[in-house]
Amino acid sequence: MKRIGIVGGTGYTGAELIRLALTHGEFEVACVTSRGDAGTPVTKVWPSFAGFLDLDFTEPDPGRLAECDLVFFATPNGTAMTAAPELLARGVRIIDLSADFRLKSIPSWEHWYGMKHASPALVAEAVYGLPELNREAITGARLVANPGCYPTATTLGLIPLLEAGIVEPRTLIADAKSGVSGAGRKASLAHLYGEVAENFHAYAVDGHRHYPEIVQTLNAVSAEATDITFVPHLLPMFRGIHVTLYARLRERVADLQALYGARYDGHPFVRIEEANSHPDTRAVYGTNLCRISVHQVNENQLVVLSVIDNLTKGAAGQAVQNANLMFGFPETQGLTAPPMAP
Amino acid sequence: MKRIGIVGGTGYTGAELIRLALTHGEFEVACVTSRGDAGTPVTKVWPSFAGFLDLDFTEPDPGRLAECDLVFFATPNGTAMTAAPELLARGVRIIDLSADFRLKSIPSWEHWYGMKHASPALVAEAVYGLPELNREAITGARLVANPGCYPTATTLGLIPLLEAGIVEPRTLIADAKSGVSGAGRKASLAHLYGEVAENFHAYAVDGHRHYPEIVQTLNAVSAEATDITFVPHLLPMFRGIHVTLYARLRERVADLQALYGARYDGHPFVRIEEANSHPDTRAVYGTNLCRISVHQVNENQLVVLSVIDNLTKGAAGQAVQNANLMFGFPETQGLTAPPMAP
Amino acid sequence: MKRIGIVGGTGYTGAELIRLALTHGEFEVACVTSRGDAGTPVTKVWPSFAGFLDLDFTEPDPGRLAECDLVFFATPNGTAMTAAPELLARGVRIIDLSADFRLKSIPSWEHWYGMKHASPALVAEAVYGLPELNREAITGARLVANPGCYPTATTLGLIPLLEAGIVEPRTLIADAKSGVSGAGRKASLAHLYGEVAENFHAYAVDGHRHYPEIVQTLNAVSAEATDITFVPHLLPMFRGIHVTLYARLRERVADLQALYGARYDGHPFVRIEEANSHPDTRAVYGTNLCRISVHQVNENQLVVLSVIDNLTKGAAGQAVQNANLMFGFPETQGLTAPPMAP
Amino acid sequence: MKRIGIVGGTGYTGAELIRLALTHGEFEVACVTSRGDAGTPVTKVWPSFAGFLDLDFTEPDPGRLAECDLVFFATPNGTAMTAAPELLARGVRIIDLSADFRLKSIPSWEHWYGMKHASPALVAEAVYGLPELNREAITGARLVANPGCYPTATTLGLIPLLEAGIVEPRTLIADAKSGVSGAGRKASLAHLYGEVAENFHAYAVDGHRHYPEIVQTLNAVSAEATDITFVPHLLPMFRGIHVTLYARLRERVADLQALYGARYDGHPFVRIEEANSHPDTRAVYGTNLCRISVHQVNENQLVVLSVIDNLTKGAAGQAVQNANLMFGFPETQGLTAPPMAP
């Protein structure tokens, strides 16, 4: 059993980490922190855990966190980069679910996130926690930057094409749709039931923080520089991301199914669905799966559908997958339950 | 490992049985039947199980079913009562999730269900599968009648009061609200998204089949004859039942919390919440829990809130709980995951 | 054309007033106030009015409001009672959609609303704006207290029974369910999409501010003192209230349909539906209707279903109905569009 | 007053026609047909119209329909093309909301709709009822083919670009998302609440019937042949279409806002929103508006957002707009109410 800590336990990602930890089998939830709710039971904020978890929120006290084997940061951007050095120095491993360590370019990070980076030295060390790309590096890492939700779904859908060099790399399009849980749990007018339900719209068409993260990964797997038009939309639902990807083929490909199948062979959480199928978000609900289907709609045009649960493969589930790799547990430990569906 | 069969695998209850069986640990899903879809993969109907279950639907063939240790009937009313005798004769245990064996009075059953009963002799043998009432009898049963969803939530909320004889037993009221999954998965105009979403109404105010089932159980635990006004409503959501119960106290009660706590002591799936709390359906989502809170709003008036997931404690989860008892597994085997919440 | 002002234009009730005013035909929206958004276009907060209303929010300046013929207060409790005296003195009529003038008992109001009343003298003058009870008084009123949403649906369903004296008046039950718009538009965790959707629960079982308002009206029409158990619940939807009323008959009634029909004859917004029907909230969506159906489920037990749109008949629509009466317009002016359904 | 008939009154489009006709002012609903429900009140199927419309469904009898000034066909494909000749011969005007007269190429129509066309001669006469393109021709038409919902939103968003010849015409992309009402009201498993809510997926990626209709219109306004990749998705909501359009600029454009504004000047239902805005479907709910916003995300890439209510501008509202033109009423008659929002 490993002792884990969760910094930031009042958000949706924190709750999903708790949910997954409770059935993991090798994790003991040693502490869950919340500045605002320290001293009150976790079940005051999350009554659904009543009967499953008997723990009070604590202050994010480094001394207590240092008693953990691994600490997950499910915090707003800017928190983990400040707290990480001390914890690492005390021998604690860290998986940061915020954006603090995702971008290798400090200037780019500071531009997109609007603050000065507190630990630029650690950025170089941090491993980008997309196991389907960096499994080996994650295994030995002290500090993992857990990918964003949109970048996970988008890059998993495009990596096989860019690695093979068969699509135009600078006119990629990702039309992305996310459930509202991606916006986190904060009191905001924009995410009230009355604003979200029976409604749909795009947002941030002119620039979203996940854009540089996506391009960083695409460039890492492409021989040529890439660019992508990334348009996120808000779905009237809670969990789930569906990215519809558009790419233009440069050359005939004998068998796209085979290309994708081979790329993700041995990666248990990426599932290439039948040709011409339409995976729905329900089919990944609460799981760490990424379901992908590939459509060639005419001689040059590819449409790739990539579907994840943003709270699981897009956040807490991928974090557990990374933790499994870091501890040497089976990669799927605690992540094998089928979707809660219907 | 026990081999289980599921007769009627294309409904929501069948799917929930599959979902629970996949993580149970002691169940092997040996066959899932569907007359209409025999020969096609289960994942054609339930794509969310793709990657989790590799099985084709079969005809409900008695020979094949006889190879199972236990068969769950997740079928329309009228099927199990016809198929049960042969399977029992071949030594197969049965849990019937339909209504065929729930009512001990054959005339009442035939009145409410509008058909002739095919196996009246088995009705007497069948054990009503509410473990919080009949745990011992279930343990030795060959044939279990799994309770209805509304009756489960309603009777669990009232049993302590009626056993104690402290409320007027003939003016009980159950104002019940259910998610639409309770109506099953059939092509019907009434349950289209466009009819259910952003809408709410009562139905069957003048008589619902769960009324006689509720009264049968209430009478079984009450020294005096009982009656209840039962009004069901359709919620614009998928899973969950919330029953608001109204009862009039006959006498002062020192401690209602203690009364309820003592009644369900040792019953792992009934959880008495804090006094004056308001359990929500999300807090039981996908679990076998019944969460109950008790409110005394004035000298005579009690309000009891009783909440379950209609597909789990109200159907498939309770069936697994019953199967655990019948096989001698721990009562909670395969039913310990926390709710999928938020 | 009458010049109307709306104080508090950033809430759902304010928006509904704007929507209704835009098609009223005799109303000119002269000003819409918002302290927080003064100076910005109304369409910044309500983009759906872009192309329909070209107006900036203003401060709630008494001078400007005094140029209106009538001012609607769609404000939090405590605002109208402070602003009313000056406006009335300047000859402006007022309809207060908050609770400031609803309760005739000042001590009761101060108990339930937790503040000192600023204009107790006006409370006596204010007319409770339920036209089906007080049409004549409203016609001549300067100051109308627009009823609460739950009280509107609840009392309209019970008035015929209590006026006729045919039910036990002290064991009434109102099991009420409301869409989330009843909670208003404020940044609160409890009303995020992620908390409301696919979820259901009761709240305030041990005391809700609409309880004294309901009893005040019931007492006004009953020869004997009344009491009611009032249990509100939150529905996973936006608009609509459904109250399920339980009353015990004292005597045989020849024809309940006739009793209700006669009571509301000449009241265009109350519609008695067919016996044993189940009106749904969709059938009143966006309208000023109250649809009622009456069920006698056994010798003594009545179940009455009463359905309104909480933003319309439960707030802004009823306010327009009251304004029509005050100005001598036809009572249904601007309120004749059918529901937005499906 | 004009007498109108609605053939096919049990679908969502038929109901929307009734709703709009009830407040139109110049329309009398003379008959509403339904083969299955002839003889029963319209309010049996649509209880929300109880109190607003007192009419029984009739058989689609040509004699009775011939007494109308105009007949709307809100029927499955294949019905209008059979019935049209007789009605036209009797002097009745027709607006067909199905697809029977939309495609000018008979072979293409027969390919996509899988049946033989019954009235090829009338196809040539029929005017494609997109008033923003064909207003003059509609004014004099006997037979109008009302456009599909996706084609309306898609082509209105692209017409200014193609008329100006400033984008590559063969690599257009329309990523379209529709509420479930677009699928009509029929008893189908795929559109049950339990399948649609909290779920999202693409469909028909490899070919949708609206594709040839879109290309036909785009070709009509473009100097060069066009092509488009059209990917529809199903939203977990009832009303609304949001199309996200991607086009590649060939040349610098001084002012896209001006280009769009000029194109739709004088067209009351197309509203060009502020640059870089994100119109939501709620802002057109129940209205005949198309709201468009234009984004240039880099030197070559345009993103255009086009939003309609699929039942109104995408079907019944556009039909009323066409009827207004045919009868010489103001184009906006009966279509001026603001959206039902929030």
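For clarity, chains are labelled A, B, C and D in written order, and residue numbers in each chain start from 1.
The rule is simple: contacts are C-beta pairs under 8 Å (C-beta built on N, C-alpha and C of every residue); 3 or more make two chains touch, one makes a residue touch a chain.
Every value quoted in this text rests on a predicted model; they were computed, and no experiment measured them.
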Chain whose Cα centroid lies at the greatest distance from that of subunit C = A
Ask   = Would you say B-D or A-D is joined by more C-beta pairs in contact?
value = A-D
Inquiry  = Using mean CA coordinates as chain centres, what's the gap between subunit A and subunit B in Å?
reply    = 37
Key: Separation of mean Cα positions, subunit D and subunit A [Å, integer]   = 39
Ask   = CA centre of subunit B versus CA centre of subunit D: separation in Å?
value = 45
Residues of subunit B engaged with two or more neighbouring chains = 12, 181, 185, 194-195, 197-198, 236-238, 279-280, 282, 285, 342
Ask   = Where on subunit B is subunit D touching in the complex?
value = 12, 180-181, 185-189, 191-198, 236-238
Query = Which residues of subunit D touch subunit C in their complex?
reply = 12, 15, 19, 22-23, 46-53, 181, 185, 197-198, 238, 271, 273, 277, 279-280, 282-286, 289, 291, 336-342
Task = Sort out for me which residues of subunit D touch subunit A in the complex.
result = 171, 173, 175, 177, 179, 194-195, 197-203, 205-206, 227, 229, 231, 233, 235-240, 242, 244, 246, 248, 276, 278-282, 285, 295, 297-298, 301, 303, 305, 307, 342
